[in-house]
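Structure incoming, see below.
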Amino acid sequence: MTDLQAILDGIHAELSPRIGEGKVADYIPELAKVDPNQFGMAIATVNGDVYSIGDAAVPFSIQSISKVFMLTLALGKVGESLWKRVGREPSGTSFNSIVQLEKEEGIPRNPFINAGAIAISDVVLAGHEPREAIGELLRFVRYVADDETISIDDRVARSETQTGYRNFALANFMRAYGNIHHPVEHVLGVYFHQCALAMSCQQLAKAGLYLAARGSNPITGHSVVSPKRARRINALMLTCGHYDGSGDFAYHVGLPGKSGVGGGILAVAPGIGSIAAWSPGLNKVGNSQLGAVALEMLAARTGWSVFGD
Amino acid sequence: MTDLQAILDGIHAELSPRIGEGKVADYIPELAKVDPNQFGMAIATVNGDVYSIGDAAVPFSIQSISKVFMLTLALGKVGESLWKRVGREPSGTSFNSIVQLEKEEGIPRNPFINAGAIAISDVVLAGHEPREAIGELLRFVRYVADDETISIDDRVARSETQTGYRNFALANFMRAYGNIHHPVEHVLGVYFHQCALAMSCQQLAKAGLYLAARGSNPITGHSVVSPKRARRINALMLTCGHYDGSGDFAYHVGLPGKSGVGGGILAVAPGIGSIAAWSPGLNKVGNSQLGAVALEMLAARTGWSVFGD
Amino acid sequence: MTDLQAILDGIHAELSPRIGEGKVADYIPELAKVDPNQFGMAIATVNGDVYSIGDAAVPFSIQSISKVFMLTLALGKVGESLWKRVGREPSGTSFNSIVQLEKEEGIPRNPFINAGAIAISDVVLAGHEPREAIGELLRFVRYVADDETISIDDRVARSETQTGYRNFALANFMRAYGNIHHPVEHVLGVYFHQCALAMSCQQLAKAGLYLAARGSNPITGHSVVSPKRARRINALMLTCGHYDGSGDFAYHVGLPGKSGVGGGILAVAPGIGSIAAWSPGLNKVGNSQLGAVALEMLAARTGWSVFGD
Amino acid sequence: MTDLQAILDGIHAELSPRIGEGKVADYIPELAKVDPNQFGMAIATVNGDVYSIGDAAVPFSIQSISKVFMLTLALGKVGESLWKRVGREPSGTSFNSIVQLEKEEGIPRNPFINAGAIAISDVVLAGHEPREAIGELLRFVRYVADDETISIDDRVARSETQTGYRNFALANFMRAYGNIHHPVEHVLGVYFHQCALAMSCQQLAKAGLYLAARGSNPITGHSVVSPKRARRINALMLTCGHYDGSGDFAYHVGLPGKSGVGGGILAVAPGIGSIAAWSPGLNKVGNSQLGAVALEMLAARTGWSVFGD
């Protein structure tokens, strides 16, 4: 598929003058230090090919994109009973809102807002020490990406631990409703470490490939989830993956996706491939500005939108 | 595609014992009179074939499904500037909530909640008398369905006019913010009449076919919208089409869809076909109980989910 | 009590340079025309004396102050059963918020926010034509003020009718919950006319005297309500009389009071007297800026605060 | 004033059959153990007399009543600048709601809801170790009550520390907005200890006397606050002292008051005296059921309501 490389190169050329746009997340001190003048993109196809442009080999903090992997782990652990602990509906509010938690008595709206991901961390933590749960996630991500070099950036994890008051608030609030079962410090220990996973676009595209390929990684042959579960995770990414910008992403891009405040976005073209885009500058709703634009261009030029070609 | 008829027959046989499940909408007096023991389904494919089962030829009140056609009309009239008047995000609240309207100063979250659809009616009304706007919609629906027998049930429209206090509240509230430009009575006159469109599953499946077929009706050859706009309407249906049950529908069915309290659901399989299901009994979130189940079965058996096969 | 006149004169002298401060309400066209350079104040004591300064004889639109008289009428009509229709708690929101109405299913928080006053209008309307209910209120206000010249400004009533979309929204919303029993147009007809009562500070101070004097007007000897009911209306004025500025008014002035967007404030010093202050310019929370300052000065200089001298 | 003792005895006799009514708070394990069959009441007058009935000498956990003393301390420490950190308006929500905190960006509505009291603890903590701040409060309460035997129940403090997840949520949430300056554990250490103050009705009535007596304790002659500040604290108690039941308490009792989930209520009759009532069973809004009834009877029989006799 030389076409794909050509399409990526075209996007790269077109976006080059705009690299540096948007605003780097500043509420996590370590993230605020990242150089905004970076942009990369990688596609891993179900055929086993990988295409990339720009800074596609540079590791960045995947932040909330990790919620996709943790959701996969939690579903593997407790199955559909997970949905007693967390909902499956878009929230209509920002990523760290606590309002709906009060109205809905400690049950977060979906696994991709902070409260939901914290509840998921609590599920994954069951029967483990925090260190073990973090290890389990790291092994899982290395497994799906088929890359043993992936690691966690401890400085980022520490930075979030020291400043993540709002996440402490969310976790304590859910604990008050009985929807967090472990000590809040343990749960957030897991949560902050998962957010601090450092991956490049190339690693991330490969890691997400199982979602595009009926639940199995076509390169390694490893089965990760059933086809049905892969579809369902994709559905959740499409409806809830970009916080209160999910509708907009579906409208413009038309692919299941999950963004992180580190500037990364993981998108899935079912049956075709997995795409990672990264540029640290964020738009007003907290998603990578250039990443979203690049994905919109890609979807338009490939006809990959799930909503029609 | 004899397969498709066999799949539909299988669904029909399996669901027969359950016909009558759910609760018929009772807040509109005329709808409360509908016999709950009805179930029908029809598929119109991009190849021009139509398959159906059960009460697929019985007209019912399409109610909120009409919001898809009105959105199409409004986009045709004012283009993307429509999005100054209404948002594109899931609401996270029930279909008739007024709370978000206050917080977001009269701009409804999306075109598929009541407030959004009322704003859309106001857009379609521009330059028209109410009667003309209703006529325009009726002509449009007859055109896309290629069926001149489709009509509006005046008793239903009257019934809603007399009891739709909450819609009067929404319209007046938006007018207070300047987001309704015409007299509230006129706007709601249009709105109540669009909801009172009576269509059968067969008519509805054909009417929705342009959304599955890159914006054109493959049977008549009529071009309705551009491929891009068809994709975008599908995206909105998937993220916002079932009110606060949109995430759940995406999770279980995996197709863009729009439900109505009359018990109908219109779903779109891009590139494949348009599906209408109908059964008057509603589930807890106000969508057709059997309709949703039937669509889930269909998607599972055909592999039509947009999120992977 | 020559002292009182001296105190009023002192306040007048001190505030003279500030007359014109604040912002005249502009959302009701007729009110926007009022000259901001006006200030008046009157005190009617339980001994039958009346003191006044400035423009105390100039009639102005009392607006929401009328809610005190309507509440008195409604309690006379249905007694304590009134509290099934409306609450008695501060709202924590602005005067025209609709949010709490949804959460609390059509029962407004208290009689002094718009929704509550509209429900009260519906109660007073029972068994009457709108014209009769308006007549009953006018007779009542003339009776308690002992002044047959008090009238309703029809231009103001008309102006509100034509622009009061938000009140139409509130009324329709409550009607949807069954908490408005009459046609919305009738209820709002009464509501808009009560708001359009035109009274001077002198008339208003006398009209409120029954609340300071155990329920009876000491000048005319007319009994209006029982001592217990007078106390209770005062309690409601103190906790809810200034919308979301009620706590602030209690903190700074320490008297039961009710403000209107026409720039008037009626305050009650139980056992001592009734005070009316007026200046059209409003502060940020929608209460008369100079009126509130003048009352704070009066309370400080007389020791009339109900919270101690 | 033998009358007062007679009135108290009458109330005691009348309420005796009802002792045990209501529901003891069970969300703090230590409080859940309290015997519900207790009732006491004490009045300390500005003349220096103390009247009491029932279990007026039994110490109980004053819980939120301590917020009155902490507010007094904080105002003494930072004066009116305190109001940059906390508002002065009724909340319209329950005592531990977090919703308004998000809307109002970390500034609690008033000092008497949990969030507000936690912010006040942070203010009192400035320049101190937690132990010192707790010591300062204890000294202050002993001073105003003129009673060195008053102490803090460490088991209650510990019990709240271990289960107070919601308060941890509130504190972390405010810290995220920069409205908590000290480590959350320190602030809540102070907060939980203040709530665990154990006092009898007699001690509490004497401790609150300065609020009834122009800011000074007439028995000891100690000056605590200025007359103006005493009035203002009373105003806050009246508008905000009973969470979302403040309007109801003002309506039925007509005195500034502050309740605690331990079943105590402190009320103030300005210029007359300070009253403490206690019975562990709570009503639906979380205030002492019999305590509120007893105070309503007392106000009715004495004519002490601030809203008229």
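Each chain carries a letter (A, B, C and D) given by its place in the written order, and its residues are counted from 1.
Methods note: a contact is a pair of C-beta atoms (placed from the backbone, for glycine too) under 8 Å apart; a residue touches a chain by one contact, two chains touch by 3 or more.
None of these values were measured; they are calculated from a predicted model.
A.B. asks: Please state, in steps, how far chain C lies from chain B along the shortest route of touching chains.
C.D. replies: 1
A.B. asks: Can you tell me which chain lies farthest from chain D, using the average of the Cα atoms as each chain's centre?
C.D. replies: Taking each chain's C-alpha mean as its centre, the farthest from chain D is B.
A.B. asks: Taking each chain's centre as the mean of its CA atoms, how far is chain B from chain D in angstrom?
C.D. replies: 55
A.B. asks: Express in whole angstrom the distance between the two chain centres, defined as the mean CA positions of chain C and chain D.
C.D. replies: Result: the chain centres lie 32 Å from each other.
A.B. asks: Just give me the whole-number Å value for how far the CA centre of chain A lies from that of chain D.
C.D. replies: Distance between chain centres: 47 Å.
A.B. asks: For this entry, which pairs of chains touch?
C.D. replies: A-B, A-D, B-C, C-D
A.B. asks: In their complex, what parts of chain A are in touch with chain B?
C.D. replies: Within the complex, chain A contacts chain B at residues 87-93, 100, 109-110, 211-212, 214, 227-228, 230-232, 234-236, 238-240, 244-248, 250-251, 254, 256, 270-271, 300, 305-309.
A.B. asks: Under the stated contact criterion, what part of chain C meets chain B in this complex?
C.D. replies: Residues in contact with chain B: 97-99, 101-103, 165-166, 168-173, 175-176, 184.
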